[in-house]
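Below: a set of structures, written as structure tokens.
In the two complexes below, chain A is the common chain; its partner is chain B in one and chain C in the other.
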Partner chain A sequence: MTSTRTDAGATTVHPRARRARFRLARPSWTWPALAYLSVFFLLPLITNLVRSVSTGEASWSNPFVYYVKLITDRYYLGVLLETLFVSIVTTILCLLVSYPISYFMVRKAGRWNVVIVFFLVAPLLTSIIMRTFGWTVLAARRGLFNTWLMETHLLARPLDALNGPVIVYVALVHVLAPFMILSISAVLQTVDVRLEESARLLGAGRVSTFLRVTLPLSLDGITNGCTLVFVLTNGSFLTMLLLGGGTIKTLALLIYQQFNLTQDIGFAAAMGNILLIMALVCLLLQARLVRRRNVKQ
Partner chain B sequence: MSLSVPLRLEGISKRFGHVQALKPLTLDVRGGEMLALLGPSGCGKTTTLRIIAGFETPDEGSVLIGEKDITELPPNKRSLGMVFQNYCLFPHLTVGENVAFGLKMRGIPAADRAKRVRAMLELMRLGNFEERTIHQLSGGQQQRVALARSLVTDPSLLLLDEPLGALDKNLRERMQFELREIQRRLGITSILVTHDQEEALTMSDRVAVMEAGAIIQIGAPTEVYERPHSQFVSEFLGTANIFHAVVLRRVQQDMWAVRLEHGKAEMLIACAANLASGGAVKIAVRPERLKMDAPAGGGMPAMVRDVVFRGSYYAYELSIADQASPIFVYTQARKAIPADGEVTIDWSPESAILLADQAAP
Partner chain C sequence: MSNTTQHGRRRIRKARRIDWGGAALLLYVIAFLVFLVMPIIAVVAVSFSSASFIVFPMPGLSLRWYGRIIAYRPFIDSLIVSIEIAVCSATLGAFLGVPAVLWVARSPSRIASVVANLLLAPIAVPAIVLGFALLYLLSDLMLGISFLSLLIAHTVIAIPYVARTTFAVYRAQSPDLEEAAAVLGASRWQTLRHVTVPLIRPGIFAGGLFAVLISLDNLPLSFFFGNSDVNTLPVVMLSYMQNQFDPSIAAISTVQMLIALVTLAVVQALYGVDRLITT
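== the complex of A and B ==
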């Protein structure tokens, strides 16, 4: 009894005092990172911007030819809209697939949560080309799916699953769903189960508890996940290239073709900048939505 | 809806894997009373509450509110009110929307809803807070919003799960009285789950002390405190000094002389029952019921080990003869007896509690 009384209070150091004494990072430490980003990120962006208004058909006297072409030309406008369409559909599909998984992970999985996270993150360690080719193996005319379905006599003739929009969406969701799942579950984790229990006791059924409590409180996660998936779909072309067989034409795919086939670098640069603007708009929207909700809380 | 309905738990039990969280338990809560379920963590009090709320289904037994068996009903059909430890207010809704939630779920029209929310906030002295968001409120205000939210639907039963656990000491004491006052005024049958003995004693009409999935003693706060049946109850509700002794003889009607195991002093205890002479007994005495005297006085000699000033009283730690565990005495005296002083301690026969559980001395 005596010893515990004398111990108390003697060794406590004020937390703020400690923080002031050990200051790990200094502002100057950011210089290497800033220098790196300037050379390999900012500079290319600027040269790309310059290129889009000065190379090929564009010149300083008529700088915005490519941009005008992109927005007014029927074909290119179509590609632009299709890009948006593909991204929106992929985002919605990802959300529908991911929310139940996130909910399961946070509310039901318990200690298996770690295992699920591992299985979600592990595929990200292999390159996207490998994962896309995986679908080729599965869905090809003589691939696994067709062989199985034929052997079990569920199919008479092999399906031509490759080179169509369906397999592209399947592969896109497969690649991008982890981002959505992790975003949503991160936020869902912060929603106290007892909030749902409170709602239940107050007379809300399972569905209204979800719609009125769980869903609104996890909106930040949905916003983050949707932004990520939308922007990533906007920029992806490998899946469309390898699995789409030309049925889905997006801006990113077009850029790839401009660079590799037509070598119209200026036009490709202009398309890249349009994509960049789309991504920036998304991020701005996300920042606004998330911040406003935090203020309200 | 009629208030003051009784609640009956009929032989409910619950097992989680290999752990028997609740042994078959029967409990009657009278209409309008506040009953505290008191016990350390893992004693089954929370499981009991969750079974009443409908978050857990008992393995056997049934839950009855009034005459109605609600064992199989989902939580949203039970018309209960509940206040959680950290209030669990909906952070995305305003104070008014929080309170209105239950009414909305019951399909009460908007105009009626607004009127009832207003009246309830008025009752909780939260009249101007309707438009506020939750994070703008202090802990005590959040507590009152949580109470308002659970009471506005006129529930037949109010469940309180460590409702004051998150408040600081001063506020907690004030809220204990406030909560009790509102509960009495509404006459709503309430169950309070707590591990805080003081909270259980001050707020409830009856206290049920739980240990290892069973209720081991139930009664009015004074009764449970003054007449604990077992060492566990005596020690869980405040501090108790435990003495082992041997019965010597009957001194007079309801009064027995015993010899203490340690110290060999002869003391008196009041007991209506017939005790076997020479039998071992276990006695509990509250620290504030022990009298401390100068060395020459009657009783058993003891040595002051330590003394602590606790504001309204002095707490002494004494040792007697060869007993290993210390004896605690609380006195209201102005001046402290210094450590290492010699004293004698004594008790009045009525303050010695004969414990029923006779563990080996």
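== the complex of A and C ==
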């Protein structure tokens, strides 16, 4: 009893010293989760890797035939590059659309911030199919936009917006911008407003205060948001499947089609692995960038 | 006197100039919020249309599409499967993930950070890749296309969502409380039940709620495990859309949204969603 009391006395002085003493959980408490994820998460990814070099056209003598096909065949290389292009463009668009919103939320909104957060999170309650279908409803030949534009005589003939690439980007930004906004505003919140005020007092204009103070300090949020949006765009195929009339073909969409139509399992596995590698490279890059800057998130 | 009015005028002019930038920003934010809700409102509107295709202005209002989704069995069946999968996988994910998080969050070792990364990793893998890879593994295990396979797949994704929020909440709690319980003679189990779990409940609930919402909408993962007996709603909706294009898709989407809203309202009544979001 006495020893515990002296312990307690010591730890009020050094609260950190105590953290290592009592731990409720034992290491064995992680076993169920570890076992589950090993069998149903790591193992399938590993067997998928093996499958891509050993099934169908791939064999011991020529294991990388699918990967070679992906980067040498003109069509597949095109799809690969288009996947990267779509993801990069969507990420940039999201960033441009989102930053002012995040800035407004943190610096201007005050108690209205809650309302904006609600608007950002509320679409999560609807399915992506619903949101994509919504764009179909709005942009269809006899949809809301065309009807409005024709009635106001801004258009003579209905626009065929559904079968172009633009609507795909609009829908992607619509689904993904909230992730970017929440990532940026989380970091922007930690930027002390007095730093901006000092810059202004010391004679910096609004633009240079933004470029030299606010923007650099919120870079971590930008990195997190961009990684998230990039990875999510890479993996999404529903938007490309339902909108744009097939004008945008990405790797994820191709996997879906390969599985549905040709059942070329080895090839689909190889494409999946490329997609996985792109995601991992992104996340490593993010970890590197954020850690190096060493700003508390 | 004139000096002070000049000063005041200058201040007013300055205030007005600041207002212009602010007003532009405010307008932009409002336009963006409209952009966010517009497609959703459009779908809800179309679900009450009497036309059998999408046309504006709508010729009339009717509930026929709601009648249609009740009559079309796959919609209702798959909706029930989707809800069961979502709730079961979130629960299972919590039972697997939370104990692991309790150790990971308090251990300074390197192994703990490796385990933490593994717990969160399934979010980073594109769902279509995971679904595809899991399908062949589960087929080899003779599970193939079944409710159990769907549940297994969705639980893999539920673990990181529950783990992430629980981790954040548990990290913010002082270990002193648990130690105090232990010092006062509580067993590990009693400490867990009466001290730790009540403290981290917001994290578990928030993560579980996220996991449910993600699961309900996880087409890329469910897509590989569907057949005519067991299927989730998004898969059925997608295949319906590829054959027909009538407002019943809008009706079932609206129903799904209402279910999510009601769930949220119930959680709000029981617990308070604002507390979930802020944690």
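Note that the second predicted complex is superposed on the first by the 268 of 297 C-alpha atoms of A that agree within 3 Å, B and C clash if a C-alpha of one lies under 4 Å from a C-alpha of the other, contacts with A are read in each partner's own complex, and residues count from 1 in each chain.
Definition applied: a residue touches a chain if its C-beta (ideal position, glycine included) is under 8 Å from a C-beta of that chain, and two chains touch if they have at least 3 such contacts.
Just so we're clear, the structure is a prediction, and the values are computed from it rather than from any experiment.
**Q** Any idea whether chain B or chain C touches more of chain A?
**A** C
**Q** Would you check which partner chain A:L125 touches, where first means chain B only, second means chain C only, and both and neither mean what they say?
**A** Second partner only, chain C.
**Q** Touch test for A:A279: chain B only (first), chain C only (second), both, or neither?
**A** Only chain C; A:A279 stays clear of chain B.
**Q** Taking the superposition on A as described, I'd like to know which of chain B and chain C A:G134 touches: first, second, both or neither.
**A** In the superposition, A:G134 touches chain C alone.
**Q** Does the superposition put A:D192 against chain B (first), chain C (second), both, or neither?
**A** First partner only, chain B.
**Q** Scan A:R200 for contacts with chain B and chain C and give back first, second, both or neither.
**A** The first partner, chain B, only.
**Q** Just chain B (first), just chain C (second), both, or neither: which does A:S208 touch?
**A** In the superposed model, A:S208 contacts chain B only, not chain C.
**Q** With both complexes superposed on chain A, which partner does A:F40 reach: first (chain B), second (chain C), both or neither?
**A** So A:F40 only meets chain C here.
**Q** Kindly classify A:V166 by the partners it touches after superposition: chain B alone (first), chain C alone (second), both, or neither?
**A** In the superposed model, A:V166 contacts neither chain B nor chain C.
**Q** If you stack the two complexes on chain A, which partner ends up touching A:I265: first (chain B), second (chain C), both, or neither?
**A** In the superposition, A:I265 touches chain C alone.
**Q** Applying the document's contact rule, which stretches of chain B touch chain A when the two form their complex?
**A** Chain B residues touching chain A: 53-55, 74-82, 84, 86, 88, 90-92, 101-102, 105-106, 133-135, 149-150, 153, 305-306, 308, 317, 326.
**Q** Using the touch definition from the top, list the residues of chain A that touch chain B in their complex.
**A** 1-2, 5, 192, 194-195, 197-205, 208, 212-213, 216-217, 293, 296-297
**Q** Given the complex with chain A, which residues does chain C contribute to the contact?
**A** Chain C reaches chain A through residues 21-22, 25-26, 28-29, 32-33, 35-43, 45-46, 54-57, 95-97, 99-100, 102-104, 106-108, 115, 118-119, 121-122, 124-130, 132-134, 136-137, 152-153, 155-156, 159, 175-176, 178-179, 182-183, 188, 191-192, 196, 213, 216-217, 219-220, 223-224, 233-234, 237-238, 241, 249-250, 253-254, 256-257, 260-261, 264, 274, 277.
**Q** Quick check: in the complex, which residue numbers of chain A touch chain C?
**A** Result: residues 4, 11, 15, 18-27, 29-30, 32-34, 36-37, 40-45, 47-48, 51, 97, 100-101, 103-104, 108, 114, 116-117, 119-131, 133-138, 140, 142-144, 146-147, 174, 177-178, 206, 231, 234-238, 241-242, 252, 255-256, 259, 265, 268-269, 272-273, 275-276, 279-280, 283 of chain A touch chain C.
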